[in-house]
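Encoded as structure tokens, the structure appears first; notes follow it.
Every chain is named by a letter (A, B, C and D) in the order it is written, and numbering of its residues begins at 1.
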Amino acid sequence: MKKLSKPAVNKVTTLKEAVNRFVHDGSYVSFGGIGDRTPTAAVHEVARQQKKGLRLASDTSVSYVHDSILIGLGLVESFEIAYNWGGIWGPDAVYRRALEKGIPKPIKLEEYSNFAMGMRLLAGSLGIPFMPVKSLLGSDIPVHNTRIKFMNDPYGGEPVALVPAANPEVAFIHVQRCDVMGNAHILGHLGNDDSLARAARNVVITTEEIVPTDEIRRNPNLTVIPYYCVDAVVKVPFASHGRGCPYYYSMDVPFGLQLAEQWGTEAGFNRWAEEWIFKVDDWDGYCRKIGWERLTRLAEVERRHQQYGEAR
Amino acid sequence: MSTIIYAQNYSLMELMAAAIAREFRDQETAFVGVGPPLIAAMVAKLTDAPNLTIAVEGGTIGSSPRRLLTCIADTTICERAYSCGTMWRNFGDQQRGFYDVGVIGGAQIDKYGNVNATALGDYNRPSVRVAGSGGANDIGSSVGRYSVMMRQEKRRFVERVDYLTVPGYLDGGDARIKAGLPGGGPHGVITTMGIFRFDEESGEMYLDKCHPGITPEKVKENVGWDLKMAPSIGTTEPPTQEQVEIMRVLDPYGLYLGSGREGMGDVEKGFDFYMEVLDKSYDAMTELFRQKGL
Amino acid sequence: MKKLSKPAVNKVTTLKEAVNRFVHDGSYVSFGGIGDRTPTAAVHEVARQQKKGLRLASDTSVSYVHDSILIGLGLVESFEIAYNWGGIWGPDAVYRRALEKGIPKPIKLEEYSNFAMGMRLLAGSLGIPFMPVKSLLGSDIPVHNTRIKFMNDPYGGEPVALVPAANPEVAFIHVQRCDVMGNAHILGHLGNDDSLARAARNVVITTEEIVPTDEIRRNPNLTVIPYYCVDAVVKVPFASHGRGCPYYYSMDVPFGLQLAEQWGTEAGFNRWAEEWIFKVDDWDGYCRKIGWERLTRLAEVERRHQQYGEAR
Amino acid sequence: MSTIIYAQNYSLMELMAAAIAREFRDQETAFVGVGPPLIAAMVAKLTDAPNLTIAVEGGTIGSSPRRLLTCIADTTICERAYSCGTMWRNFGDQQRGFYDVGVIGGAQIDKYGNVNATALGDYNRPSVRVAGSGGANDIGSSVGRYSVMMRQEKRRFVERVDYLTVPGYLDGGDARIKAGLPGGGPHGVITTMGIFRFDEESGEMYLDKCHPGITPEKVKENVGWDLKMAPSIGTTEPPTQEQVEIMRVLDPYGLYLGSGREGMGDVEKGFDFYMEVLDKSYDAMTELFRQKGL
């Protein structure tokens, strides 16, 4: 049995090093978050290092800041997914081109519902091979995804669908604060990141702040991810830019609307990627390009209206 | 009892949002998705259903945000919530039966209320690919009852959906129960032209109400099967003055209910405009919540 | 479909009323907590009202403050359980008499492991009929509990055990603070109370404090039980006396040691029950009998050494 | 390297606790149950394994309590923890493989390390009924490796346990793997007379070490099958001075490792005594943790 628990040591590193160490061509990768706390800096670094043939698993993938970047660059082989869309930013032209026209290359799709993906990660986190659900029954989702199976509940006889555990090789999760070992507090809604951190073989945490372990111990009920799941800790402020990070900064809606326009054509997407991913060295370069004043204003507007521990 | 004052000027989206808002009842729990459904649920909460609890997929329960809602899972949703937890728990609570009512959207719907939110045409090479199930399949499978918000077009109202993402009454009759689905099934369809309900026995959709200025014949032209009709077709209740006022506080620049997104995307001025909107929306919504005692 | 969600109204009542309303002869009942936060006041009230033929489900039952009280009074028909013991207080003579000698009456036992009971409640909370586990395999637990079934995982072929969902009719859960609707914060370890609150048909919360809803909203990440699970809220300070309640009061070790002595014989147990349950009117009467000075000292010693939000 | 100073005076329980403490290694995660195993894990953490992380069944990970430990799930366990969450998550983390080492107790053990923690005699009418599995079956099924703490008596060391609560190597050989159990199985048995290990091939228990003053023959007399022996039987390493000092800070009145419970149960003076112990233990443990830089 290979030891899964990670040591209680200082794991602080750079995103460049973490991606280089844990992501390889063909890796099975999942990016966490749910609408906000998207690990966008990590997506950009994986793109920048041109890791190929990736097998991605997401629950809800938010266009413009998430898996679609890698799909648009032709780095993705397969995609296990419940939902991929831009929300207020509009439909995702990159995803549509890939699925409707195979541009830049076809991807193999394995679709679930949100709950089914959540249950796959929960099963993965618990070390069990599958989970029964009452979703998916009667729909066409299992028609096109034969990994969804059916059985009759051996207790009451009613039909249930089974979904297989998901155990990604690498997960990237963005949090508000963690210590150098990786004990991570998440504030606000958690998505499935509690399960993802446990289901994945290797976990890279990007964090807005690195705090002393005593700060973690002060509020042990806020710790969603214990250090023993975590391989690397990277301090990346504004790592979710575009989307928000509760209590830290708001969404940048205008930014996403501009992206949506640029992604409208294949050439536009490629120009965008060249300019925002390949021509900057790292997320710090991205932040300088966006402008620290803009980022600061997004932080200020969030904190002016909402602070954790307050109810106005 | 106070007299109902209807709005004199309102858009079609506002009419639809008002109709959706009326699908929620006080003291219910609602599981709602991104965009207009959330606006509608908030409108309900700020009018006839003050004790409506809104749960969203990110993991939040009972939020009362005082800021512009930009996403079902954006940071705003955490504000003043009863609970912020995991996504799978909220969906699990739904499967267990804790959520009374839901609202979804879709690209296609058929006569038994089955919804396609995945792909038009051949699944493997779709003519139009959309977002996929997200939580829609789960809502359709497990929520107490749910309503669907649709654009009324013949190619969207089809005999049988190209891809059945969300189970309605499946093939009708007791097919839904036989399939083992715990939720009650679709309750209404609110479209750009009218409101549809479902026959309790057969599970088949029928036209119940037409929006002002729309005839049943016009609706029938935009439905791809031989549509059944209610014995007497009513007219959709227009939005009240209060509903419209609230919508315009919740979405002051029509991000969801209008064309507000364009101005905000402007490279030069969009960001300043957006910052201003966030601050202004906070003041306006705070005042609104104060008035409503929430 | 019967509506399961409970309304967002003031649910404050008395324990007498809550027990009378929700517990009936033959009810399927579960008391939450784990080592601490035991809903002991509720156990006493169920005993006081002499509800008979109870079917109990627990994960870890702590002797002297939990299910054994009802077993000793002959009110229990069956018991689904992973562990029943007194810890530092020593073995549970009541439980031993019931199982070894059928005194005061035999009970039907259905045994699991801790994890299996946790998974039963998780399944119950998720509305699924069963859960696969890798525990129980190869052991004698399923030999004597035929509700544990086996199958080969349809994905990898490996053997798994299946355990049935547990959906008690009534659950009693003790928390540190909740609002009048039942939105409950739990501080410290949670046991399986997140699942139990959702799995049960009716839920009675006893709480150390009732706080304004704004206090709940200030820390939404601490809310373990949302109001829609909850039927009744009862303010019962020191409801876990004997055991502790994190950040509120410490265990009363001497008290339990004295109990263990009294429970050593059937007559001793009966005398104890007469004196501490039937001869007091309610938990307030119990507290007066224990003595508020003693209770206050247990609270002081806890707060002197540990406060939530601090790490000394 | 510092010289090891062994304790001159120590009890049998202290010897056993020291032996258990040596089953933990630095940088490991440990899942431990109530009583002496927890004391032993704390001793390990305060000596050779400062980065040992202790997880307990209540839902806490990485606690560093500075007060007398009265229960695996008492309020003390929350103190200065990395995380307080659910019970099922901690057990789930174990099943997933995150816990390297565990310790359990039992009423009976057999030659393949299977443990009975449920009932002696007939299950349906036991001569002695004990607590039941609790987490023991789960630890035995899933933890990386585990050790068992036992009283050495012939009726407790039996050819085959009356009731198999915790899977050791089952019938030996690869039976454990065939059964589908993910954990590595038992690693050692620490008794009142010696330390046992398991043959890697057959999974059969053999005597490895005897406690000071105990002969292999004496052990054999207290084992109910034809016990195998290591090629050369060593002597159990005594507790170090430091280990014993730490035990006496952690459990100053022998609540677990001695007979301290009696005095505390006194109706007249027990409570005052207990209050005093709690305060004193806080001061002493705080000082100990400070010295160790924890």
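The criterion applied here is as follows: a residue touches a chain if its C-beta (ideal position, glycine included) is under 8 Å from a C-beta of that chain, and two chains touch if they have at least 3 such contacts.
Quantities reported herein were computed from a predicted structural model and do not represent experimental measurements.
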Chain whose average C-alpha position is farthest from chain B's own: D
Chain A and chain B: spacing of chain centres that average the CA atoms, whole Å: 27
Chain centre separation in whole Å, for chain D relative to chain B (CA means): 57
Chain A and chain C: spacing of chain centres that average the CA atoms, whole Å: 37
Contacts with two or more other chains, residues of chain C listed in rising order: 127-128, 133-134, 158, 160, 187-188, 194, 217, 220-221, 311
Residue numbers of chain B (touch at least two other chains): 60, 78, 80, 84-85, 92, 95, 142, 182
Topology of the chain contact graph, where touching chains are joined (line, ring, star, complete, other): other
Each pair of chains that touches, named by its two labels: A-B, A-C, A-D, B-C, C-D
Chain A residues touching chain D - in the complex, by the definition given at the top: 1, 3-5, 7-9, 125-128, 183, 194, 198-199, 213, 216-217, 220-221, 223, 226-229
Footprint of chain C on chain B - complex, ascending: 27-29, 51, 53, 60-62, 64, 78, 80-85, 89, 92-93, 95-100, 142, 144, 182-184
Of chain C, residues touching chain A in the complex: 127-134, 147, 149, 151, 153-156, 158, 160, 162, 164-165, 186-188, 214-215, 217-222, 308-311
For the chain D and chain C complex, residues of the former touching the latter: 34-35, 56-60, 66-67, 70-80, 84-88, 91-92, 94-95, 118-119, 123-138, 141-142, 163-167, 170, 175-176, 179-182, 255-256, 261, 264-267, 270-271, 273-275, 278-279, 282, 286
Of chain C, residues touching chain D in the complex: 34-36, 59-60, 81-85, 87-88, 90-92, 95-96, 99-100, 111-116, 118-119, 121-122, 133-141, 144, 158-160, 187-195, 243-247, 249-255, 257-258, 260-261, 294, 297, 301-302, 304-306, 311-312
